[in-house]
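Reviewing the structure listed below.
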Amino acid sequence: MPDTSVAARPEARELTYGEAVNAALRRCLDERPDTLLYGEDIAKPGGVFGVTRGLRRDFGDRVFDTPISESAILGSAVGAAMLGRRPIVEIMWVDFSLVAFDQVVNQLANVRYVSRGELTAPVTIRTQQGSAPGACAQHSQSLEALFLHVPGLRVCMPWTAQDAYDLLVAAVASDDPVLVIENRTLYPAGKGPVALGGPVQTPGGLRVRREGSDATVVTWGAMTARVLAAAAGLADEGISLEVLETVWLNPFPTDEIVASATRTGALAVVHEANVTGGFGAEVVARVAGRGVPLRVPPLRLGLPDTRVPAAPSLVAGLLPGPDAVAGSVRDWLRT
Amino acid sequence: MPDTSVAARPEARELTYGEAVNAALRRCLDERPDTLLYGEDIAKPGGVFGVTRGLRRDFGDRVFDTPISESAILGSAVGAAMLGRRPIVEIMWVDFSLVAFDQVVNQLANVRYVSRGELTAPVTIRTQQGSAPGACAQHSQSLEALFLHVPGLRVCMPWTAQDAYDLLVAAVASDDPVLVIENRTLYPAGKGPVALGGPVQTPGGLRVRREGSDATVVTWGAMTARVLAAAAGLADEGISLEVLETVWLNPFPTDEIVASATRTGALAVVHEANVTGGFGAEVVARVAGRGVPLRVPPLRLGLPDTRVPAAPSLVAGLLPGPDAVAGSVRDWLRT
Amino acid sequence: MDGSQPLADLRQVWRMRAFEERVRELRLAGDAVGSIHLGIGQEGVAVGASCLIGPDDAVFATYRGHSWAIACGVEPEKLFAEILGRATGINGGRGGSAHLTAPGYRFFGENSIVGAGAPIACGAALAGRHDGTDRVALTVFGDGAMNQGAVHEAMNFAAAFSLPVVFLCENNSWSELTAIDEMVGEPQLWRRAAGYGMPGERIDGNDPEQVRDRLGDAFEVAREGGGPTLVEAMTQRLVGHYIGDADQYRRPGERERDAENEPVALLTRRLRDAGVPDDEIAGTERAAREEMDAASAVALAAPPADPATAKEHLYA
Amino acid sequence: MDGSQPLADLRQVWRMRAFEERVRELRLAGDAVGSIHLGIGQEGVAVGASCLIGPDDAVFATYRGHSWAIACGVEPEKLFAEILGRATGINGGRGGSAHLTAPGYRFFGENSIVGAGAPIACGAALAGRHDGTDRVALTVFGDGAMNQGAVHEAMNFAAAFSLPVVFLCENNSWSELTAIDEMVGEPQLWRRAAGYGMPGERIDGNDPEQVRDRLGDAFEVAREGGGPTLVEAMTQRLVGHYIGDADQYRRPGERERDAENEPVALLTRRLRDAGVPDDEIAGTERAAREEMDAASAVALAAPPADPATAKEHLYA
């Protein structure tokens, strides 16, 4: 892992997604003495994915390993934030957040509201999720919808290395609690120029990954790659998709999506989470609620409503890949 | 509390909602020796709401109190069910399920799927939720949407005393895990004839609480009362609402709702949960996804996206009552 | 022993008790609504602890936390107003009886999720390690909370990192309507401390003097970098779990024992033994009731929380 | 001591180790994918426990549970097939290496959520109380899991109700890449037992004989209604946390000590001392490797799990 310590000078560095996360953490630890960074295996070992390597060495005891105690990790983050620190904590897999979900929903999200802003809880929770070959049902879920039903909590999901950097820096700077959901399959990937040290962004906004006229496709996280691959293929067939990656899911860019869907007259949402109760429903409901006239009924694609099996052949039969996305979109637009 | 022990003879008894729950539990304990009933304060004290009174006396150590250990309660239910028991456990407030959400999502919901049915987990989780005057932010949430994003778990929400009885009996008889979400404000209410001992129902179905032609309103739980009150008022103004109470949310009666919305040309969903990410989004998305032609954009009403304050005057400003529901529906249909 | 300290203690016990008895009246009259949990009978613990809480310290309590808010110095008027859902409440009506928060008073709040305050307190202690204070975080919870996973995780977390946390278990024998001794294999709850590698002890929570002394040791150890301690303070609630609890689960002899042990009885005996005149003793109650009558009257006169503000302060 | 028992033990250790070494080859060759956690070096515990597990008992393991599945009698072929994602896998490919389940073999499964198996095991024990069996539930977890709330709740739950649960902590000094002794205030983890009111002890998990004996006592106590026990079995993993772990966090001298203590070394020494010929000792390894080569070959020849079945068995 290259030394990302020059983050403060605005310049572009060739970094993977994981290295971009590291660079963002380094910048935050460097610029904000009130930050703390902790979680399981993140300090001395540098993280199970190597993402936090070198930070303990360089920032000392503001960076530390913890027991396997997610309630203690998240709860202590709430308390440290109430008392003026700015903790950045890692929950190794989003699935594990469920052993301590109380601390997110009943504690963290209430701090500012109940105290009318007298107390705040600027906690950043980094986690990662998603399906990867061979992972079992307890290590494969995409759970963003659970967090998106919790008012008081900001949520983002970077897909590019640049966003892995920018969103995390924005999250740490935010005075609200923010959940940053990364994707472990991306850590070693996406090596490319990442601009470091730029201005700190404000939570919100989306990325227009592709402009198009036949349909608006809203997506986020690792599915973005599949959607873009599908869109590229469909373009050759003369189907022009507008691909919007909603890197921030709370706050959600409703207006921009409504505008795009109004222009294209068709809306699809593609995510890796189970379809029923997924955040795709919210996107469809918002657009429908605005009365956007659509040529075809809105389409939702995601993991069908099952658990996630371990065998690659089984998951492949469930989670739509680029071809399946393209096929579904093609069929949908032809009806 | 009247003696509900004659449950086995099909006959109507005058019972409150809470007494109907008691009668259902009594019947299940009576008819199924494989049932166990446990949770905090449910046995000797008969429950904090008195709902389980008398059951310990009559069914002995199959009914017992537990430590304040929701992970142990839910986890042990999973294990007991794997080994052939049929546990009925209580989580006193749905908010508390979050300290042990792992046992629901990562454990209970996976048992059948991962083992291809070699193991099953016929656990019934009874809980209650909702807003009641003076309750704090940690005792007021409506969290059904979280559970409805978990494939493998059935979910129902009785509103009438009869359904409190029937749904619970159906839940216990089901070979799937079922979450039964009651409402504490209803326990002492709704005294009326409840038919006991009838045939065991299968999970699924909905209740047409009112027929109408101008709009379909889907609702569930305690909001049903507010919606029916609003519908009665609007009827005097010549607005005819069809009110569908979806007592089962998983399985969800999509076809019936699509049929109704197709007939009325308008769809509203009203729930007590926060709007964003609420299950209302799913309902709207399903109807929209079927291409049902609607005269007006679908309407969602619920708790706005805030935490729940304790002061009655503050909650009243947030959660729509009958008048606010009527007002919103009136404005909506007039646009 | 001279009577001035026990007299001051009794005065404080009475302030807490008079406050809560007034709350009970307001609840029964319908001025306050919802579940309200009184700590009547348990005041000795908070009274004994109050002088230990330093300016940078942080207190985390439970839904049964009125007395702890008072111990931290929050004006009763603001607490009454909060419980009554008034605009002038310490949280403008958002917290209510069970979720009071007053950071300006070192009171980082009640918590209505059993056990959830313990890990949060660890964070307050952790913050102190980095902000240059000598903060001690005090987390107060019940006997039943000892069986909650979060409390376990917090105790190990604090012990592993030698955090300045004082874990104070108010053992009132009951968790809601269930007896703690039927819900554990070892009813001496303080014995769990050794497994975490921290000191633990059981004390008489009804005696503010003993609380001051023994809990004081725990504070001192924590403040000087010696890490956490678990203190199990034996006490009793003389009332139901919440206002409205029919409270019919008590064991034979329990009420009599409780009446003898509770802090008003204990301190009154001690004052009499020290020769303090009955009138002076009775004066503590009188003064407290007057204070609380006045404070509650002010709160009652305040307007309800304004619904128009209900959506504010969700985000920065 | 006569050599027949240690020889049988070594044979079993080798079956487990050869199984896992074959799994590692398959993973490195890309035939298996995903995170796979090997228990190489820890086999002594499962070998010692295997004969204690009665017909109605129930075993709950973790992601590091291949050896426990073998100890319960699951055919290696079905385990290989599962890990390889084949249709013939014990769970048809749904569980994979980290979520194996074989109820027909008393193996109620691995669990990939740290600590989550402990409360589930309490339920199995509870079921036994009502179904007329004398079931003991064995829950196996790591040192790191001791800091998880669910394990705490399970221990108290079992102790409070005297449930026949044996809590078996395989202490391999590491929780993933972090040393357990830095994550607790009291590294003698078995000492937590007293706080729950149950017996606890630390044993040498590398010695199947000792495991059989001491864990056997815990089984006996549980089976006879004496309630749960916490047994901390000291062991070591000779490999990384998962296949691919660079495993560079070991302390000075650790590897040497581990190599000396691990069950193959220990049993080999014991057999030599008992005068068992080297060839016979070596034969245990040879036989095991042959068995596992053959079993994995069968598994490799099986078709992948059929995607068309992926949605089945979600509901009744």
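By letter and in written order, the chains are A, B, C and D; residue numbering begins at 1 in each of them.
FYI, a residue touches a chain if its C-beta (ideal position, glycine included) is under 8 Å from a C-beta of that chain, and two chains touch if they have at least 3 such contacts.
Bear in mind the structure is a predicted one, so any value in this text is a computation, not a measurement.
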**Q.** Given chain B and chain C, the chains that contact each of them
**A.** A, D
Q) Chains in contact with chain A and with chain D: which ones? A) B, C
Q: Provide the C-alpha centroid distance between chain A and chain C, rounded to the nearest whole angstrom.
A: 41
(Q) Can you work out the whole-Å distance between the CA centroids of chain A and chain B? (A) 31
Q | Centroid spacing, where centroids are CA-atom means, of chain C and chain D in whole angstrom | A | 45
Q. Which residues of chain A are in contact with two or more other chains?
A. 66-67, 69-72, 95-96, 99-100, 102, 106, 110, 113-114, 136-138, 151-152, 305-307, 309
Q. Listing for chain C: what residues touch at least two other chains?
A. 92, 94-95, 99, 111, 113, 116, 147-150, 153, 156-157, 160, 182-184, 314
**Q.** Arrangement of touching chains [line / ring / star / complete / other]
**A.** complete
Q.
So in the complex, the part of chain D that touches chain A is made up of which residues?
A. 32-36, 63, 85-86, 89, 92-99, 111-116, 144-145, 147-150, 175-178, 182-184, 249, 304-311, 314
Q) Can you list the residues on chain A that touch chain D in the complex? A) 40-41, 44-45, 48, 65-72, 95-96, 99-100, 132-139, 304-307, 309-318
Q) Once bound in the complex, which stretches of chain A touch chain B? A) 71, 95-96, 98-102, 104-106, 109-110, 113-114, 136-138, 141, 143, 145-146, 148-152, 250, 252, 273-274, 276-282, 284-285, 288-291, 296-300, 305-307, 309
Q: Please name which positions on chain C make contact with chain D in the complex.
A: 146-150, 152-153, 156-157, 159-160, 162, 182-187, 191-198, 227
Q.
Show me the residue ranges of chain B that touch chain D in the complex, using the header's touch definition.
A. 34, 36, 62, 64, 66-67, 69-72, 74-85, 87, 99-100, 102-103, 106-107, 110, 112-120, 151-152, 154, 174-176
